[in-house]
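What follows is one structure encoded as structure tokens, with my remarks underneath.
Note that the chains take the letters A, B, C and D in the order they are written out, and that residue 1 is the start of every chain.
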Amino acid sequence: MADTAKLGGSQHERPITRLVGFSDGVFTIAATILVLEIQRPADAHHLLSGLLALWPSYLAYALTFLLIGQVWANHHAMFDHIRASDWVLLLCNVLLMLMVAFFPFSASVLAEAFRDGAGQRTAVVFYGAAFALGSAFFNLIWHHARRARLLGDTIDERTEKGFTRRFGLSVPLYLAGTLAGAFVPVLGFAIFAAPAIFFWLPLGQRGSHVRATGPAAR
Amino acid sequence: MADTAKLGGSQHERPITRLVGFSDGVFTIAATILVLEIQRPADAHHLLSGLLALWPSYLAYALTFLLIGQVWANHHAMFDHIRASDWVLLLCNVLLMLMVAFFPFSASVLAEAFRDGAGQRTAVVFYGAAFALGSAFFNLIWHHARRARLLGDTIDERTEKGFTRRFGLSVPLYLAGTLAGAFVPVLGFAIFAAPAIFFWLPLGQRGSHVRATGPAAR
Amino acid sequence: MADTAKLGGSQHERPITRLVGFSDGVFTIAATILVLEIQRPADAHHLLSGLLALWPSYLAYALTFLLIGQVWANHHAMFDHIRASDWVLLLCNVLLMLMVAFFPFSASVLAEAFRDGAGQRTAVVFYGAAFALGSAFFNLIWHHARRARLLGDTIDERTEKGFTRRFGLSVPLYLAGTLAGAFVPVLGFAIFAAPAIFFWLPLGQRGSHVRATGPAAR
Amino acid sequence: MADTAKLGGSQHERPITRLVGFSDGVFTIAATILVLEIQRPADAHHLLSGLLALWPSYLAYALTFLLIGQVWANHHAMFDHIRASDWVLLLCNVLLMLMVAFFPFSASVLAEAFRDGAGQRTAVVFYGAAFALGSAFFNLIWHHARRARLLGDTIDERTEKGFTRRFGLSVPLYLAGTLAGAFVPVLGFAIFAAPAIFFWLPLGQRGSHVRATGPAAR
């Protein structure tokens, strides 16, 4: 980065803007193409029952859409405070995007298994592992940004600690859901849904506060 | 929002910009992938009749494209006057996006039913319910923004009342179409088409005026 | 527009920016999802022949991609000089977008017909009609913008006349291709390809000049 | 470009901004729809084995995602230094985009062949040829920009030489992979993966330096 440092501060923001632009695109497209994985009922003569039988697809669609939206909001909250990037950050972010763009597939596997009533344990583990891996890359970005001093001065000690705590929770939570799902699929499903519920209906002042500062922070 | 308030006014716009960016992406992608739900005629030897038999798909495609375009334009007209967001607004908007991204599926169900000549009532109800639910979330955003004083001073009393009237009309209208469609499918279809026609060919001075201020307002 | 006029000039650009943003999204997504219509050869044991047999898909893909790219470039050249919008312009533009988003389907119908060696005349007519209709909406935008004085002062008489001539050529050309294709499919295909070749390899000084001012004009 | 030159420097940047915007869209969408080519295992009763059997799809997905990400980063590094465009540049860029949007298809062909254990040589050649062709267009853009003096003064001799060397490497490398793959498919696959590994885990100071200046350069 020696050469680029010479180019002055403004140079530093540009790769970030661009990186955030690419990431935003992946988040938005991944969330919107989730619906393409829902297959229309084949039998038009029993359309109502056919549409009702798709409930796992609707559930997987809604859950994954909300989870992607949550990762997107957290990604923005995080990058609002990152002022420069290096190759480790670029690598971790592209690997995170690799997982985000993969979620529509794991969501469809999950839905299909619950529709068929077979392979649910495998499907929940597959779904949870994808999110756990994505969260791992997410946390690697954050920890590297702190270690490598890539954070701007717009973030105070308290918010930084709050982010570390909040982001850090996701990996064990997804792993717990994955493990629980290997035995009781529905329990795994419920554990994956928990963060989305906590995030989108902020329960407790702290959650609300952290979430609120996130998107609104500089 | 206490902490973020300290950061000054410009901080408030940023989440809105971002939220509008994500929403624009969902609107645009949902409208453009509608076409992926249209299946090519299988029999190439009677292609003409095959393509003509797809008329319900073309109709559902055009109707849904125009309705998504209308929600998009109204969404912009609304967010032109919203200066800050909170978690209720974020939640309602992500739920609205969840419905918008779902429209390509309900459109394909509608088209399929009219092509097969079976399950049309179910399909119209399914299609209408999705739009009614989306409109409900849309109105929740608007009413919360007014109640929670998230509106900027760029909007005058008259425009605000005009928006409330116009946005409020959509829910009962979609519910009427859904109800009518449960008995006379084509009637439901016609009622869903009405707002698009009123919106895109503004009939009457008021309609034209409200629509014109919408997209053009600051 | 009376009220919005009061809001001052800058207000006028905003709907244009937004309208161009939505249009850009549709152009880009439509071009990129074209590939989803190409079906993988089923028989892996004769993959080479299977991939070679897809030549009509590759041709339709490349032709449609270049045509969409051309409409996109012309759309930008046109909107570089449009300073305000009204409901007629919004309507014509949403109908143009409706056609652009439909091109991936007509392209797949065209490719399928040439692969099967059946229904080629129908497919070429279907493909050409979609482009002719799109061009008609395109020209309606331009003519309305001129009639309704929505053009800025950034455009000189000569460029305006050049645009009118160039845009006007497309409708008769697509109609000619459609008509010719109804009798000699390959001829229709060739006539559709002509504008793309003329556009992307500007032949003759004028062509090059008009194309060059287009994208580069203010 | 004579006329546009009169319009002053700022005019020159606009087509670039727009061109980069369109290209960014294609890169992002192509990378995100890669996942749509992965087909869900049909047999839900042996889901685990079904998901494991998809390893070639996961590998092709990850490899293609990283390669697209690399082309995207290099495209940005290149256009950070291009101040104006002409029709040759526009043509080469649209042809590059044509190839980028095609990668999801060649990736699915590659994955399918490795899953079926048949047609692997053909698939690797098909996959490599697409990337080699894309790289050729990429290098044409760069060489034309240098020859036609479309580069800004933001780039120094050393960086320019570094780009020429780095970009130039890709074509022979993809051709080598294509040729090797025609005999030993897995070897071709490995050769395609090499640049991604070199790029995303910059090995050696020079690699790291070139990569770092790329995205961060003005």
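Definition applied: a contact is a pair of C-beta atoms (placed from the backbone, for glycine too) under 8 Å apart; a residue touches a chain by one contact, two chains touch by 3 or more.
As the structure is a prediction and not an experimental result, all values here were calculated from the model.
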item	value
Separation of mean Cα positions, chain D and chain B [Å, integer]	36
Chain centre separation (chain C, chain D; CA means) in Å	26
Residues within chain C bordering two or more other chains	25, 29, 33, 36
Arrangement of touching chains [line / ring / star / complete / other]	ring
Full enumeration of touching chain pairs	A-B, A-D, B-C, C-D
Chain B partner contacts - residues on chain A that touch it in the complex	24-25, 27-29, 31-36, 38, 40-41, 44-48, 51, 61-62, 65-66, 69, 72-73, 76, 80, 159, 200-202, 208-209, 211-213, 215-218
Contact footprint of chain B on chain C as seen in their complex	1-4, 7, 11-12, 14-15, 18-19, 21-22, 25-26, 29-30, 33, 36, 84-87, 90-91, 94, 97-98, 101-102, 104-105, 108-109, 112-113, 116, 118-119, 122-123, 126
